[in-house]
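Once you scroll down, you'll see the structures, which are given as structure tokens.
Shared between the two complexes below is subunit A, which pairs with subunit B and subunit C, respectively.
Let's look at the complex of A and B:
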């Protein structure tokens, strides 16, 4: 029991510690592809340390919501990220690791962020919040279609169970390929990556996520930045555990395979980060009003995946 | 064409293009382009009043407002009574034009921006994401250049002219030098004239390369920015090798050039031309073949041809909207009359067209430098400037468009000097081009115009 608790705590610490590193890694890959040297991998940790030590400047008309939202957003995202099987399934809290619950956690975090963005009443916060909510209203149905497909395939919405099912059945399915593409699109939109949003932009008028957090500083900004990094870890981990569960330690395997599980997880994150960086460089950002058609595509793919499952079963 | 009314009539009917309007303590000046000739008209207005041109010809409105701020000249009949460059004791009390309608909301942007760029305020009125109206407010980098020029010795004034607008320092220094030479009837030696043109073309290539990359970067396509920045850096380093300054500041002086091409300069430049010729076309292909990027630039921020003509928009802004004008050709100046080059003109008027005009101009400038290196004359670099008083006016094609400098000299000093940046006629057009586009496309449109703040605010 205590051992299981320790493993679960290790998982929580792992996602928290790995998050800034992954952000740094993606930045590094992008810099290298642009023939720049790029910041050191540990730069995001230093930035967080610096932000935490700085004074938090708060607008005069900010309400309690503005001050508490960063901590809640961070907590919700961290819990969500801890529930995704990273190196092992069947952890102590895995029974709560339901995909729908994770989507709800992220949705709650986004709700708070959008509210905080509007709280001060600057125009950019409002623009960012309205764009974020528009994107989310298309991303969430698409995500639910994907969950439905996975649930139909694996017989559960619990990530641990899905992962174990995927490990056991090595067969390729068209539905899963469609769901993967849809999942990738949703993950890009959720994390505000190019072509939906540009995390590195300095142009106020084009921002989505950055516009909402424009007024944040100091420790509040640190919490939000860390939450954004955690969300990226969460998305990549979820994709890895569902679609590439290789090396994942099953709950029944005992404790011998932790090293393999961790190494496989690290390798998966590194590859996913490199792919993300490469993809982001090869494409320009979309017009804001094109995003719904992109996410509509994800929704259709999810729908098609579900339909195909029924067709296959009917035959 | 000698009378004010005649000039106004010709501007209004479109047979002449406004080049500038500026003031002095008791006079107002007008420069126009009429049948390929630059016409300069000065009118005394001892009571500080003159009939407004802006009332009938909108491109003059901001110039008249600026002349009122700087010299107290009152344009009688100008409907816009607000100051322009002068922000006064209460800078925040500026009344923006009212916009009325349902569901409209305002977005104030700047003057301090999230990136390290020049200051300017943009007031958007939007319906959702769609821009209904944009109003600019400029003047934040007003340094009093015209006042500093008054009474300055020629050497100091030439340095000042080269610092009005850092990215066009060669164009400004050249325009100032040519205006001084015209005023004093000085003929610069041939080698100096050719070296000046080499510098002007290097400046054009460097800025266009930077712009192409920056426009793509504003659509979050940073790969193009990275490659263009490397190429631009090569150009600047070659400039540093050839003329001992990356931006070639203070290399052009009245009467000639301050320094010769470095001994290995021609060789360096030829190597540079080769590099641009081999490395730039793949980047153009990348731009053209990236569908996601084309999706952003094609059809965005369209500037109509008639507006570009009416405002006399210079440079890539005008040429991308079908206004076939280049000061190197009309009215033209040495040594371009001895060289062959094309002036690319497109008619679409969107961001893509403005990128393409730049791309084509880079190719033309590379060819021009090649031609000049082949035929570079030998000889003196600089002659002494005459001391007689007089007036001079020069129009020079900078990378943004035509830079105009007018000055009056007396006793070897500048009595009055007016420098008009091409941005004066491009800024108002940006307001027109963004209408009906979405807010998030503004940075892209703005970068494709790349108007100058410093050159405009003086």
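Let's look at the complex of A and C:
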């Protein structure tokens, strides 16, 4: 019991510590591909440290919502990330919420973030919030359709059970391929990566996520940045544990596999981060109003995958 | 049973008192206090009777050869609980809110009667009492809708409502006629025992869907709802949206699940299709709307869609003999009935508070109220989060259960269901996401940002009664989300009585988890999720405050070096909804934007004009209305005939009918 609790706490600490590193890694990969030296891998940690040391400047008419939202957004994302199997399945509290609950936790974080963007009453906050909910209104249903597909294949919406199923009896299926493509599109949109949004932009007219958090500074901004990094870890971990469950330590196994599990997890994050960086460099940002076509495509893929499973169980 | 009936009589008496004492100042506390007491007693009785055996009562009232049958079984008891919970909350709220009522004599007599009628519908056990209570409910609420009769839009809303109520009553009357059969057995017990032929049952089912759907707001029968619900005083809006639509759901469940036996699978396809379309179109209407109360009313349409998706799933499982699936889906639907009654009432109370404080319903003229009305805005925020299905609140649980029901048995044999269930999954997911967008807009534009008008700047927090009602319901949102097992167990007797099985008992599970089928399949623990969120928030704040800088400075917002202090430069509700309007509205609502930019050198303002068409109103209601208008114009001539012509017509009609009868036989 104590051991299981420690493993669960280790998972919480792991995702939290890995989050800035992954962000740094993606930036590094992009810089190297552009033949720049790029910032050091640990730069995001330094940025966070610097941010929490600075005074927070908030707008004159900011309400309590603006000041509490960063902590809640961070906490919601952190709880979500702790429920995703990273190096082992079947952790102590993995049954508290299934994949639908994780999506909803991220939805709650986004709800608060959009509200915080509107709290000051500037155009940027509004534009960011409005575009964010437009993107979310496609990304969330697409994600839910992916969950339905996975649940129909694995007979469960629990991420641990799905991962164990994939590990034990994975087979090539059309529906899973469709779900993977849709999941990748949704993950890119949810994390505000190119081509949907650009995390490095500060050109007002193209911002989505950055526009919402424009008024944040100091410790509040640190929380928001950390939450965004955590969300990236969460998305990549979820994709890894569902579609590439190799090396994942199963809850029933002994404790000997922790080293393998952790090494496999680190390798998976590194590869996923490198792929993400490469992909971002290979593609141009889309116009905002072309995003719905992309995400609508993901939604249709998800629906198609689910329909296939209803029609023919083996697909 | 007797206790509920006594409460109904007390409510009717309060109505009489309201009529007598309407103009004196103590009339208001008497009427609303009495309503609050009666609702509290009746609600607790309902809550206590859910697990008890059905009790019946026959009164020598109504039609002489039938009498008035009343019955309180598990389903009725649950709905008595929901109705009176909403009623008690609205009465508590009204103790403070109704102080600002300009025409109490038009509200006080009808309000308790409306509550009494809502109660009578759910305990009626024969068609006559049911329809009598149903029409009383319609009439009383109509009187409340036109309480402020000097505004032309309210009169129009009342007119449309009356027509739709007549359609609904007519369809139900015909349905009961079919169910009663040629023998005319109008009590529900005989209807339950009788076995209708498939054709009759199908016809009755379609009529019931029309009759209850017109009351609940199923698209395309929803047109009256966004007109009538906002027109009434806010506590009545809360009752109409939160409770009256649920009574319509009750009527559907009672007839389709109880009286009709087991409807065939295609009926489930019909209900699923209606539910899915209603959910998505309802929320899209709400997204386009910027009148706060109309937005909420449109959003009720969406929630009715979600409930009907659950009911359709239950019918699909039941038609295929999957009792566990039917139990899960029906529990999800009834859970959402409770949830929606709670959070929609809460949101209407909030909208009423905003209306009291500012005199405005138009979101474009509000803003910044979070500073002026902290209590209202907090409660409203909880309601917004709950209705957007965010954990750990209650809206999430019922939608989660609905998804679990969809996933339970993908191997139903019928192709209609194979296609319809996943499609409904996508529609439900879309509706849930759009609901989030809709309530970011509703809360963000109304309560956040800077005040757009003088009225919003001068807003004052509302009275304690109103705040108590809002906070009570907000607490219920959290409680039902954190302890969903208690509500699921509460619903078990009602579900078992209808589909023969119920979900496994939840409260006995370790850690108070919610496990619909099996732990390996899916589980959700609202309590732990809430605990985790609270603990990690607390931990984060502690750590940040221990290590981070405490300095905080207030400064002007970033203006891009282009200072413009006017609050009009903020994002408005229309501009917030613009991306969604552009994406969804083009095809569905023929939404168009026209931008006129003056030529260079002209200093006139640029203009952007938006145009939205309601396809259902323009394609369905307007042609029917015009046809009726034209037909009545033509038939008007019949009013001015001579007596000989009338006699001739009577004679011709008589002969024609006799001929028809002769040929029929």
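A few comments on the model shown:
Going forward, the second predicted complex is superposed on the first by the 312 of 315 C-alpha atoms of A that agree within 3 Å, B and C clash if a C-alpha of one lies under 4 Å from a C-alpha of the other, contacts with A are read in each partner's own complex, and residues count from 1 in each chain.
As a convention for this text, contacts are C-beta pairs under 8 Å (C-beta built on N, C-alpha and C of every residue); 3 or more make two chains touch, one makes a residue touch a chain.
Since we're looking at a predicted model, the values are computed, not measured.
Using the contact criterion defined above for the overlaid structures, shared-chain residue A:71 touches subunit C, although it does not reach subunit B. Of the two partner chains placed by the overlay, subunit B and subunit C both lie in contact with A:214.
Touched residues of subunit A were counted for both subunit B and subunit C, and C has more of them. Within the superposed three-chain model, A:52 lies in touch with subunit C and out of touch with subunit B [touch as defined at top].
Looking at the shared chain after the overlay, A:86 reaches neither subunit B nor subunit C. Legend: residue contacts after superposition of the two complexes on their common chain; A:229 is shown touching neither subunit B nor subunit C.
Of the two partner chains placed by superposition, subunit B and subunit C are both touched by A:127.
Legend: residue contacts after superposition of the two complexes on their common chain; A:289 is shown touching both subunit B and subunit C.
Within subunit A, the residues touching subunit B in one complex and subunit C in the other are 123-124, 127, 204, 214, 288-289.
The touching residues of subunit B, when paired with subunit A in their complex, are 105-109, 113-116, 129, 216, 218-223, 225-227, 230, 290, 292-293, 295-296, 438-443.
For subunit C in complex with subunit A, the residues that touch the partner chain are 367-368, 370-371, 374, 381, 385, 388-391, 396, 400, 403-404, 406-407, 410-411, 418-419, 421-423, 425-426, 429-430, 432-434, 436-437, 439-441, 443-445, 448-450, 513, 519-525, 528-529, 532-533, 536-537, 540-541, 544, 547-549, 551-560, 567, 569-571, 575-580, 582-583.
The touching residues of subunit A, when paired with subunit B in their complex, are 30, 33-36, 123-124, 127, 194-195, 198, 200-206, 214, 281-290.
Within the complex, the subunit A residues that touch subunit C are 52-65, 71-72, 74-76, 78-79, 82, 93, 95-98, 100-101, 104-105, 107-108, 110-111, 114-115, 118-127, 129-131, 133-134, 136-141, 144-145, 147-148, 151-152, 155-158, 161, 204, 214-215, 218-219, 222-223, 288-289, 292, 299, 302-303, 306-307, 309-311, 313.
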